[in-house]
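Input: structures, listed below.
The same chain A turns up in both complexes below, where it pairs with chain B and then with chain C.
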Partner chain A sequence: MAALTDAGIVGADRSPTPIGSVRHRRGAAARLRRNPRLYAGALILAIICVGAIGAPLLTHYSPTGQELVNRLRPPAWNDRGSWAHVLGTDTFGRDVFSRLLFGARYSLLVACGAVIGSGIIGVVLGAIAGYAGGWAETIIMRAVDAQQALSAILLALMVAALFGNSLLNLLLVLAVTGWSTYTRILFGVVRSIRGQEYVSAAICLGARPTDIVVHHVLPNIISPVIVISTLQVGRMLLLEAGLSFLGLGVPEPLPAWGTMLSDGYRNIFTASYLTTIPGIAITITVFGVNLLGDGLRRALDPHVRGTA
Partner chain B sequence: MIEYILKRLVQVPITLIVITAIVFILLHLAGNLVNLLLPLDATAAQRAELTHSLHFDEPLPLQYVRFVGALAHGDFGTSLYYQRPAMAVVLDRLPASLELALAGILIAIVSGIALGILAAVREGSVSDNLISAVTVFGQSMPSFWLGIMLILLLAVTWHLLPTGGMGQPSQLIMPSITLAAFLAPQILLLTRSSMLDVLHDPYITVARSKGLPTRIVILRHALRNALNPVIASVGLQFGSLMGGAVITETVFAWPGLGQLSVAAIFSRDLPVVEASVVVLALAVLLANLAVDIINAQIDPRVRYR
Partner chain C sequence: MLLSVEHLTTEFATNRGVAKAVDDVSFELREGEALGVVGESGSGKSVTALSIMRLVARPAGRITSGCVRFNDENLLDLSEDEMRRVRGKQIAMIFQDPMSSLNPVLSIERQMTESLELHEGMTRRQARRRAIEMLELVGIPDAPNRVDDHPYQFSGGMRQRVMIAIALSCSPRLLIADEPTTALDVTIQAQITDLVQRLRSEFTTSIIWISHDLGVVAGLCDRALVMYAGQVIEDGTVDDIFADPRHPYTLGLLRSIPRLDRPVTAELVPIDGSPPDLVSPPVGCPFQPRCAYSVARSLEERPPLQEVLTGHKVACWVDITKAAG
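Coming up: the complex of A and B.
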C-alpha cells in the first residue's frame, strides 16, 4: 500500500494535470453537459446538415428545374397553395423547399470555406505579430486596423464588382474580410503566452522558435480558434446574404440562401414568402451557430466557466 | 493624456496610408480599368487617350504617389457618372449617412445599455433569460432582412410608416431601428457581462451597506465602471456599422454614402468609389480615435497600456 501511495504521490508530483490530460478532459465533458446552449446549437445545426446532405432524399424536385406553369405558387398553408410544393414556387416555378435544402449546401460550404481560409491567414499573421513583435507586429497590426476601418461589406463589394461574382471570388472575398478578427484576438493570446515562464525556460533550454510555436503556442490557441471559427461561420452566412442581396453573392441559378432572398425581394409585394422563408432559414442557422459558439466558449474558456 | 492623444493621432494617417494602398492595389489588380470603363466597341485611339488621361501609362509606384498626393488635397478626380468632383459628390451624401448612423447608434446605445443593466441586475431571472435569448436571436438575423420584414409589416400591411426615402422624421424610424438592431445586441451582452463583473466587487457591497438606494448604486457606482468595455466596443463596431448602413440605405432608399457607393461600384465610377471608401474609413478611424480618447479620459489605466 505504502509503495502504491508513494508511487501515486510521486506520480502526482510529476504530472500536475497538464492541459489535455484525462482529468482536464473529464472536466471539459462535465462542463459540456451543464451547457444547454451547446446542445441546442449542435442540434439545430445537425438538423440543417441532415437536410443539406439528404436533400435528394427529402425532395424529388430539382433545385434548378423550372415549371413555368406553376410559377409563384404560395406555400401549402395559403388558400392558393398546394402540398405538391410545400413552401411554394418562385418566379421560374422552381420548388422553394428543394432550393432551400440544396441552398443549405452552398451557403454552408461558402461560409465554412471562407472561415477556414480566413482562419489560416488570421492565425498565421496573429502568431507572427504576437511572437515576433517589432516591425512585423507594427505592420500586421496596422493592417488589422485598416481592415477593420474598411468595412467588410464595402471591401467585399469592391472586389466582387471589379473581379465579377463567381463562387470562388465570393470565397476569396469573404476570406479576405474575415482574417483580422483572428489576428486581433490571437495577437493578444500569443503575446501573453510568449511572456510565460515556461516559454522563457524552453528558450533557455535552446528550443528553436518553430519548436516553441508548435509545442507551446499552438496547443494554447486551439480553444480560442475553435470559438472564433464557430462564431465566424455565422458572420460569414450573414455577410454572404448581404452580398447576395446587393447582387454579388453566389451566382444564379445556384440556390444559395442569400441569392434566394434577393431574388424574392424583387417580388416582395406580390410574393413575400420568397423573402421571408430564406430569411428564416438564415436566421435559424446563424442562431444555431451562435448558440454553439457561445456554448463552446463557455465550455473551453476558463474565464467564463463560473458563469456557464 | 496629451502624449496619449498624440500617439493615437499618429496612427490615423499610417492606417489611412495602408487603406489607400489596399484600395489602389485592388483597383490595379482588377485588370485593365480602361477596358472596364469604355464600351466594348471603343477604338484603340480612345483607349490610348483614356489610358493617358488617367495616367495609367506611368509606372505603378509613380501612380500611387500621384494618387496619395491628390488624396491629400481631397482630390479624387471627376466622377465619371455625375461629371463633378468625386469628393463633392461624396460630401453631398455624407450628412444623410451621419444622420442615420447617429440615430441608429443612439437607439442601440440607449436600448442596449438599459436592457443590459436590467438583465445583469436580475441575473438568472426569467427576464434575464428572455432578454439574452431574444438578443442572441436578434444577432442571428441579417439586419437588412429585418428591415424588409419591418417594411412588410409596418408599411405594407399596417400602412403606419412610409416604405423609404428621406425628409420626414417618420422616414427615419425604420432605417434607424434596422441599423440599431445590428449594434444593440452586442452592446446589451457586453453591458450585461461587464455589469455582472462589477456588481460583485467589494466597493458595490460597501455602497449598498452604506444604505444607498439601489438606483444610485447601480447607475452611479456600478455603471460608471462597467461602461468602459462597452464604449470601446462601440468604437470597434463603428466600421461594421458603416457596412451595415450600406445595405440598410439600399433597402430603404436612404440617399446616403452607402447607397452612393453601391451605385458607384456597379456603374464603375471609380473616383466616387475611392472617395467614398476613404471617407468612410476616415470616419471609422476618427470614431475609434474619439472612443479611445473618451475611454482614456474615463479610465486612466488605458493611457499607460
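Coming up: the complex of A and C.
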C-alpha cells in the first residue's frame, strides 16, 4: 500500500499539478526521505568538490612546495605530529592535506573526463550497433572484442612510449579503455528495446527512426548508463592509481590521489598514513559516486520509482 | 472504395525454404465499413495487416506481388517517407498485447503527443489538450491527471483504451486492430468492443478487426473474411457467413464453437488434422487434407474465390449446400 501511495505522490511531483488536484507537492524533506541515497551521495561529492575547488583557501601550503626539514611528519593526532601539518608530510616534506585537496582536482578531472569521454563514444557505438545491426554491428562488436582483449596497462605503456606522459594522454588512454564496457552492455539493451512491441507501435504511428531513438531508446538506456558510469568512475580512479604506480599516471610533481598512493607505497611500513589517506579519499569518492548513481537511477527509472 | 487489396502475396524466407504467409489475397473495404478477418493462428491474418502497413519484418519477409490501393494510391509504390505520413495519420494500428505496446519509461502524455506533434503539427500544449480529450473519450476517468501517469499505473484494459486513444487521436480513416482483445479477460473484452463500436460511429473510421474470436467479429463487423493457409477462402457479410457458410472450413469453425442458440447437449465438432505446411502447401485446395467434402479436383487444382451469391465469395469446388459431407 505504501508503495502505491508513494507512486501516486511521485507521479504528482513531476507534473504541473492542476488546480483542485487531490495530489500535492511535498517538501524537500519528504523527497529526501524517499531517496536518501541521492542526497547522501550528492553531499559527499559536494564536499569533495568544495575541497578541490577551494583548496587554496583551505590550506596555505603549496601541494608541490618541499620542506625538507619536515620530512615524513605523521598526522596531527600522532605523538610526533603537529597541527602545522594536519595530515603530516611526505618524503619530500610536502603537506599531505594540501596534496590531497589539490590532488582531488586532478583525480576527479581525470576520472570524470575519462568516464564522460568513454561514455559518449561507448553509448553512441552501442546504440548504432544495437539499432542498425548488420555490418555496423559486426564491425563495432568485433572492435569491442579486440578492445577487451587488450590490457589497459599495456595500452597506456604504448601511448606513454609513443607520445610521452601527460595529463591529456592519460585521459585519452582511460577513455579508450573504457568505451567497450558501455558498448557491450548498450548493444544488448538497445537490441532488446528494438524488438519491443512499443517500438513497432511507434513505427505504426509513423515515427521516424530518429524519433524512435530519441523517444524510446534513450529514455530506456539512462539507467544502465548511470549504473555503468558510477562503476566506471571508481574503476578510472583505481586505474589512474595503477598507472601512476607504474609511473604512467599524472606526471610528477602534480598531486593526484593515485600518484600519492604509489609514492607512499615505498614507506608503507614506516609511514602508513601516506597510503591510507589517499586510499580513504578514493574509497569515499567511489562510495559517494555509487550512492549518487543509485539514487539517480531510482529517481529516473519509473520501474523502481514507486518503490524507491 | 477506401481500401482494395489485390493479389497480395507476402513471403518469408525460412531455413526450410520460402513460406507464402499471404498467398494471393484480394479483398475490398468501403468507407466506414468494419471488416472482420478470422482464421486460426498462422493463417496469415496478421501478416496481411502488416503488409498493408508495409511493416513486414525485413529481410526475412517480403511482399512479392500484388497491390494495396488505399484512396486510389498504391501503398506499395510509396517511398518510405511518404509511407510514414500514411502510418498513424491515415491508417492506424493497435496490437494484441497492451502490456507491451506502451513504453514503460514514458508517461502516457509523451506517448500520445508523439504522433500528434508529428502528423498534426501541434504544439506540446495543444497536443496535451487533445490527448486528455482522447483519454476522456475512451473512458479513462480523471484524464487530466492520468495523462501524466506511466503505463505501470494502468490495468490491461485501461492500457488497451489508451492504445485506442493513441490510434484514433489523428482521426485515421482506417484502423487495423490485430487481435486487440485476445490478451484481455472476457468482461474487459466486451467493454473494449463496445467502446470501438461507439467510437466507430463518432469517427466514421473504417475498421479491419483481426480476431480468432468469431463471436466478437459477429457482434462488431459488417463483413468478414475467413482466411486459411494464407488465402482468403470465404468473403461475405457477417450474416451470410454465420447463417449460410459456404466453405467447409467456415462450416467446421462454426460447428466447433459452443453457441447459445443450440441445445447444451449438442456436440461440438472439431476439425480434424492441422493446417498445411506453408513451405510446401498442397497443390490443390489447401484445406483438402482435412475436408470431408473433398472431390478429385480439390487434389489437383486450387479453387478460385468465386461469387456464389451477391457479395458472398467462396473458394471451393463443391457447393456444400447440395453435397453430402
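What we mean here is this: the second predicted complex is superposed on the first by the 235 of 308 C-alpha atoms of A that agree within 3 Å, B and C clash if a C-alpha of one lies under 4 Å from a C-alpha of the other, contacts with A are read in each partner's own complex, and residues count from 1 in each chain.
Keep in mind that, in the parts below, a contact is a pair of C-beta atoms (placed from the backbone, for glycine too) under 8 Å apart; a residue touches a chain by one contact, two chains touch by 3 or more.
Fair warning: this is a prediction, and the values are worked out from it, not measured in the lab.
Visitor: Once the structures are superposed on A, label A:Arg208 by its partner contacts, choosing first (chain B), second (chain C), both or neither.
Guide: A:Arg208 sits against chain C, while chain B stays out of touch.
Visitor: Is A:Pro219 touching the first partner chain B, the second partner chain C, both, or neither of them?
Guide: Only chain C; A:Pro219 stays clear of chain B.
Visitor: Output check: A:Ile120 vs chain B and chain C. Expected answer is one of first, second, both, neither. What do you get?
Guide: So A:Ile120 meets neither chain B nor chain C here.
Visitor: Could you say whether A:Leu43 touches chain B, chain C, both of them, or neither, answering first, second, both or neither?
Guide: Touch status of A:Leu43: no partner.
Visitor: Considering only the touch criterion stated at the top, classify A:Asn290 as touching first (chain B), second (chain C), both, or neither.
Guide: A:Asn290 sits against chain B, while chain C stays out of touch.
Visitor: Can A:Gln148 be said to touch chain B (first), chain C (second), both, or neither?
Guide: first
Visitor: Counting only touches as set out at the top, which of chain B and chain C does A:Ser200 meet: first, second, both, neither?
Guide: In the superposition, A:Ser200 contacts chain C only.
Visitor: More chain A residues touched by chain B or by chain C?
Guide: Result: the larger residue contact count on chain A belongs to B.
Visitor: Would you check which partner chain A:Val159 touches, where first means chain B only, second means chain C only, and both and neither mean what they say?
Guide: So A:Val159 only meets chain B here.
Visitor: What residues on chain C touch chain A, complex-wise?
Guide: Residue list for chain C touching chain A: 53, 55, 84-89, 92-95, 97, 100-106, 110-111, 114-115, 118-119, 144-145, 148-150, 152-153, 163, 166-167.
Visitor: Considering the complex alone, what residue numbers of chain A touch chain B?
Guide: 142-143, 145-146, 148-155, 157-159, 161-163, 234, 238, 241-242, 245-247, 261, 265, 268-269, 272, 275-276, 279, 282-287, 289-291, 294, 307
Visitor: Residues of chain A touching chain C in their complex?
Guide: Against chain C, the touching part of chain A is residues 7, 11-12, 14-15, 18, 21, 23, 196-198, 200-208, 211, 215-216, 219-220, 301-303, 305-306.
Visitor: Quick check: in the complex, which residue numbers of chain B touch chain A?
Guide: 11, 14-15, 18-19, 22-23, 26-27, 29-30, 36, 136-137, 139-145, 148-149, 151-152, 156, 193, 196, 236, 239-240, 242-244, 246-247, 250, 261-262, 265-266, 268, 273, 277, 280-281, 284-285, 288
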